[in-house]
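A short worksheet on the structure shown next.
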Amino acid sequence: MEQTHYLIAGASHAALAAMHAIRLVDADGSLTVIGRDRELPYSPTLLPYVVSGRTDPQRAFLRDHEYFTRARAAYRCGHALVRIDPANRVAELDDGSRLRFDKLLLATGARPVIPPIPGLDAVPYHVLRTLEDALRLRAQLPQTRRAIVLGAGLVGMHAAENLSKGGARVTIVEQQQQVLPGYFDAQAARIIARAFERADVTIRTGARALAIEAAAGGVTLRLADGSAVSGDLLLISAGVTPVIDFLADTPIQCDRGVVVDATMQTSVERIWAAGDVAQAASFYGAHPVLNGILPNAVEQGRIAGMAMAGDRALEGFRGAVPLNTYSYYGQHAVSVGSGAAPPGAEVVESSDAESARYLKIILDEGRLHGIFAINTPIDPGVMWQMVRRRLDLSAVRDRFLAQPRTMGRLLMSSLLR
Amino acid sequence: MAAVAPLPSGRVLACDGNEAAALAVALARVDMVAVYPITPQSSLVEYLAKFIADGRLQAELVDAEGEHSVLSVLQGAALAGARTFTATSGPGLAFMFEPYLRTPGMRLPIVMSIVTRDTLTPQCVWGGHQDAMSVREAGWVQMYCETVQEVLDTTIIAYRVAEQRDVMLPVNVCHDGNYLSYGTARIELPEQDAVDTFLGAPDVNWHAALDPDRPMAVDPLTGGPAGAGPATFVRYRRGQCAGMHRALDAIRDAHREWARLTGRNHAPLIERYRMEDAECAIVTLGSMTGAAKDAVDEARAAGRRVGLVKVKTFRPFPATDVADALCKLRSFGVVDRSVDFAWNCGPLYREVVTALQGGTRTATSQSFIGGLAGADLTVEHFQRVIETVGQMREVAGPRDTVWLDAQE
Amino acid sequence: MPAYNTIAFHADRCDGCGKCMIACAQAKSASDSPRRARLEVLADDAGRFELTMCRQCADPECVQSCPAAALAKNAATGVIEWDHDKCIDCLLCTVGCSFAGIALDEAAGHVVKCDQCGGDPACVRACKPGALEYLTMARIYDEAGSLEDLFVQGLSACQGCNTELIMRHTLRRVGPDTVVAAPPGCVPGMGAVGYNGLTGTKVPVFHPLLTNTAPMLAGLKRVYKRKGRQVTALALAGDGGAADVGFQSLSGAAERGEEILFLVIDNEGYMNTGMQRSSCTPYGAWTTTTPVGRESHGKSQDAKNLPLLMVGHRCAYVATASTAFMADFYLKLDRALQASKTGFAYLHVYSPCTTGWRFPSKKNIEVARKAVESNFVLLWEYTPAAGLRLTRSVDDPVPLSEYLVALGKYRHLTPEQVAHLEQHIAENVAAIKRHALAEAAAPPASTRPGISSAGALQGPPASQA
């Protein structure tokens, strides 16, 4: 049976960060990366831009074959893990081949959630998680007149903008009361939504889909308030869920995702998980959370790789911090940290509808809890560090609130000189 | 560019010993000349500088800031493969002593004229052998010349001896300050072709080199109380002694070959002059020999059975030849132009007496010291020597040295 | 992994003038607004300055955070390059960077970051106080690292020996077509010239007399030149052999312009033979021949200024250097090597001796640095064409006590002795400045050797006449 010291299932950000971390300390240990897609590694984050045509898919790959060759790693693409035998440390691929591993990283990511809407299985619809999805959706664009985007998360919003710019009349249908729920608060969401509305995108928030039926040349979505939305293209963008079904008959503990400790190790020794598939500690609470964002995948992948390679410089995961950047119609929104202000926290908020600027800062016991900005320059990486280091800002509170970017830069420059 | 006058090879000319030495160096086609002027050597290096300036000698010239550096330059040059030359006298030789001591151990075939001069003190710029005699245990070959012609010929011969692969030692060609350095005589210059044939290409650093193409540590540290160190050191020392011993044959062979090429026959180690049936003899060194030979001729004419032995090669000391020449005599006198302070006699005298030890008969002998500080050693001096030696009978115990210039 | 050039920020030299930001905005955004700059100098409440700019991380988080492969670290230059065509303006790179080294330029509508202006940073050029410095040490690291170490491992130097560092770096740079002459001292003492049939040096090496290093090399070099061969004649000599008993022959070779690279490793005495005084031993220093007792308190004379004496010879090149300032040392080594092809090149490198000066071996570089920072040692260079110039400012030195306190050999100094040393240093500084001024009056500044703003070496001093 083929053997590999390191087996990495998945080939996106978490997987690549882990491989990089491993190779920093172990140049020679055999390493195999299993990629689900037939292509070289790419980022799902990029897909809306493939749809819009802004990104040439052939230039979007995160690594080339030479990278794997130089790193003395085997890249096996077009395959997925279908079964794991943790006791014997054997992984089985979808082509029936088996691999014995010493250390396994599950970085298998997530797949789109398909909401249980009656009739959905009987109509054509799109999702946007793979390059194949993106190309299919893109091929559909020229003949699309009216598009329905179900779900106003980042994928849905990006897609809506691109579909709209491509000439389609777009309606976004979101079950919750605002767009981008969980990313931005209601007021920020309103500012963002306004930009869409100005571009003639229809946004239907608080709209629960009851049923879907085929219509002439498309679909009709029936909503709980009795109204209906029709379109010739339906995109389901109702979020993602970790790919864990192949772990069902293993002792690897799963909740919504694969539950991991601070070194990204699962409940089974020698098996780690990182990225969208992992459910790790939250920075803000005891309960482990999914945090399907790119910076999180990079950080967790690195930690897992360091743990797998026995890198002594490893520091444990400090907990997931929500981090989002979002650019739309030439405008920019950033969110770092939690928008849920704890009791007693200081919340400072300012906005200017005219310039579409918005800034909300939450300080908890003098420390940054969360910061949300639209068209207001801040450095999200600096803010993230301030949050996770729990920097005491009491002494510079006023200046920080007035000039978060300048103060953040000053503090981080002096800290990390 | 002005036409370069070639060296006057194959001709007869009149010159002094310093110029003769310089001509020999040019004919030997040396690569490197390093110089520092000192009386009575100065005109020698002036001639060389001029030859080089005129393009008649294609050599590097280093006008060093002192004799210590002069020889140091030559060491570096030799380790890079160059045939080298310098000349010095008296205090210059003393100042050179540190690198001088080192040269034979590195087996560098450097040739150096010692234009002999008495050493300080008292202050003195005149001839005498004290400088060359003071370095007699340093490990250089030393040959002493009698005439201007011999200066020229011996200087060329010196390169052949020095570069002979089983010798590889530096050579001093000693010629007397004042009498040979400035004394002009008729000489015959050898043909350049003959010299080229005689010497061949420089063969200087085949054994030890500072050359990036064959890197090595030249003259590394050796020694220490244990391990290979002392044995290594002894191997070097014994090799040096063996090379010195082989130089006797090399000198003989070189002189023979030189005679074949030029027709000039110089005695290589010692010259026996009118020694057939001699009862007494004078032993001489250097330019004094001419006057001594005249005195011997006169004594022979008067019917006295007197001969002369000239020592040319003083280092290595040709002990067998000297013993063979002197052992059957009734008595002999050795005339030194320098002093052996420890033994209150001349250094050549002590060497000669030592050479006779172990023989079946020992002649009665006497040390004479004369010609110090540029003083002339005349026929009259040697008549006195012959007189003294002729009257000597076997007497127990050491004889007091006779100081020929003493104003009693 | 190679090292890279970098832009360093010396906060203590910054006066907050902001010209760096304007220069950057002009160079990169055709704007005079500092807001368009890719670096930002910020003042804190205490008036201290901080710099925000891309640090060109070795393991850049921004690159890993980019979903579009629009960021990549250039393996040759180390610069993290941004590809406008690939960028999708997602700003995730700005989340990955903890230093605000890549940030949104609102006016441009995309992220921007420092690219070091392709090796000639506009900000550094604009920074008059020298707070921003383009460090090209990486060139040294990469070049020296790729060169063969021509001494064997495990030379038997004392722990923490600075001389070994000098030797190894020098020979790496000078290369295999070299003949090394190392007169008696620490260099041979540690096995460089061979011992009982083994040698510690991979190039030809000779152990000359203490007195004749320069002429011996002169003879060698002349012969190789005559033969048309390029061989570097390199002396690795101590201060005793050079300044004392070997001074005559050194002076002679320098006067004759012998084509030698003569490197003096100045450890201020005969450290190899047990710490005796040399003429380079400073005033007040304890040595075994200037002991501290009831009647005497260390050396009672000032040190001989050997490098300045060599300037008097109008050598092709004279410079002083310190291993605490390696970029400077390498620059001078390059120039000395070049100058040695046409004349006498003299390099005087100060080499603190852990054993003989009585300080912990781990502090060697620190001691070397303090020596320079306190003006105890001055760094300068000289060529006949360009004259003498200080290569490091002597203004605003640290107190001498910071240097003296580190060394056991000065432990006994009285306040009067310290005052004497301070006076001597002041005189030294004044003398060197006078030299520099006098020389500066002569040739135009453009002929002076120095680092061009691109960090590249200008032509060799000898060719600048």
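Labels A, B and C are assigned to the chains in the order they are written; within every chain, residues are numbered from 1.
Just so we're on the same page, a contact is a pair of C-beta atoms (placed from the backbone, for glycine too) under 8 Å apart; a residue touches a chain by one contact, two chains touch by 3 or more.
From a predicted model like this one, the values you see are computed outputs, not experimental measurements.
Participant: Which of line, ring, star, complete or other matches the graph of chains that touch?
Facilitator: Here the contact pattern is a line, an open path with two ends.
Participant: If I average the Cα coordinates per chain and compare with the overall Cα mean, which chain comes out closest?
Facilitator: C
Participant: CA centre of chain B versus CA centre of chain C: separation in Å?
Facilitator: 53
Participant: Averaged over CA atoms, how far is the centre of chain A from the centre of chain B? Could you give it in whole Å?
Facilitator: 97
Participant: Give, as an integer number of Å, the spacing between the C-alpha centres of chain C and chain A.
Facilitator: The mean C-alpha positions of chain A and chain C differ by 49 Å.
Participant: Of all the residues in chain A, which ones touch at least 2 other chains?
Facilitator: As it turns out, chain A has no residue touching two or more other chains.
Participant: State the interface residues of chain B toward chain C in the complex, per the touch definition above.
Facilitator: Residue positions touching the partner: 31-32, 34, 60, 62-66, 68-70, 72-82, 84, 98-99, 102, 209-212, 214-224, 227-229, 232.
Participant: So in the complex, the part of chain A that touches chain C is made up of which residues?
Facilitator: The contact residues of chain A facing chain C are 13, 16-17, 20, 24, 42-46, 49, 54-55, 59-62, 294-295, 298, 302, 323, 325-327, 330, 332, 334, 336, 375, 377, 379-382, 384-385, 396, 399, 405-406, 408-410, 412-414, 416-417.
Participant: Chain B touches which residues of chain C in the complex?
Facilitator: 176-179, 188, 193-199, 201-209, 211-212, 214-224, 226-227, 231, 248-249, 251-253, 255-256
Participant: Which residues of chain C touch chain A once you look at their complex with the stated criterion?
Facilitator: My answer: residues 40, 42, 44-45, 50-52, 59, 61, 64-65, 67-69, 85-86, 88-92, 94-100, 103-104, 106, 109.
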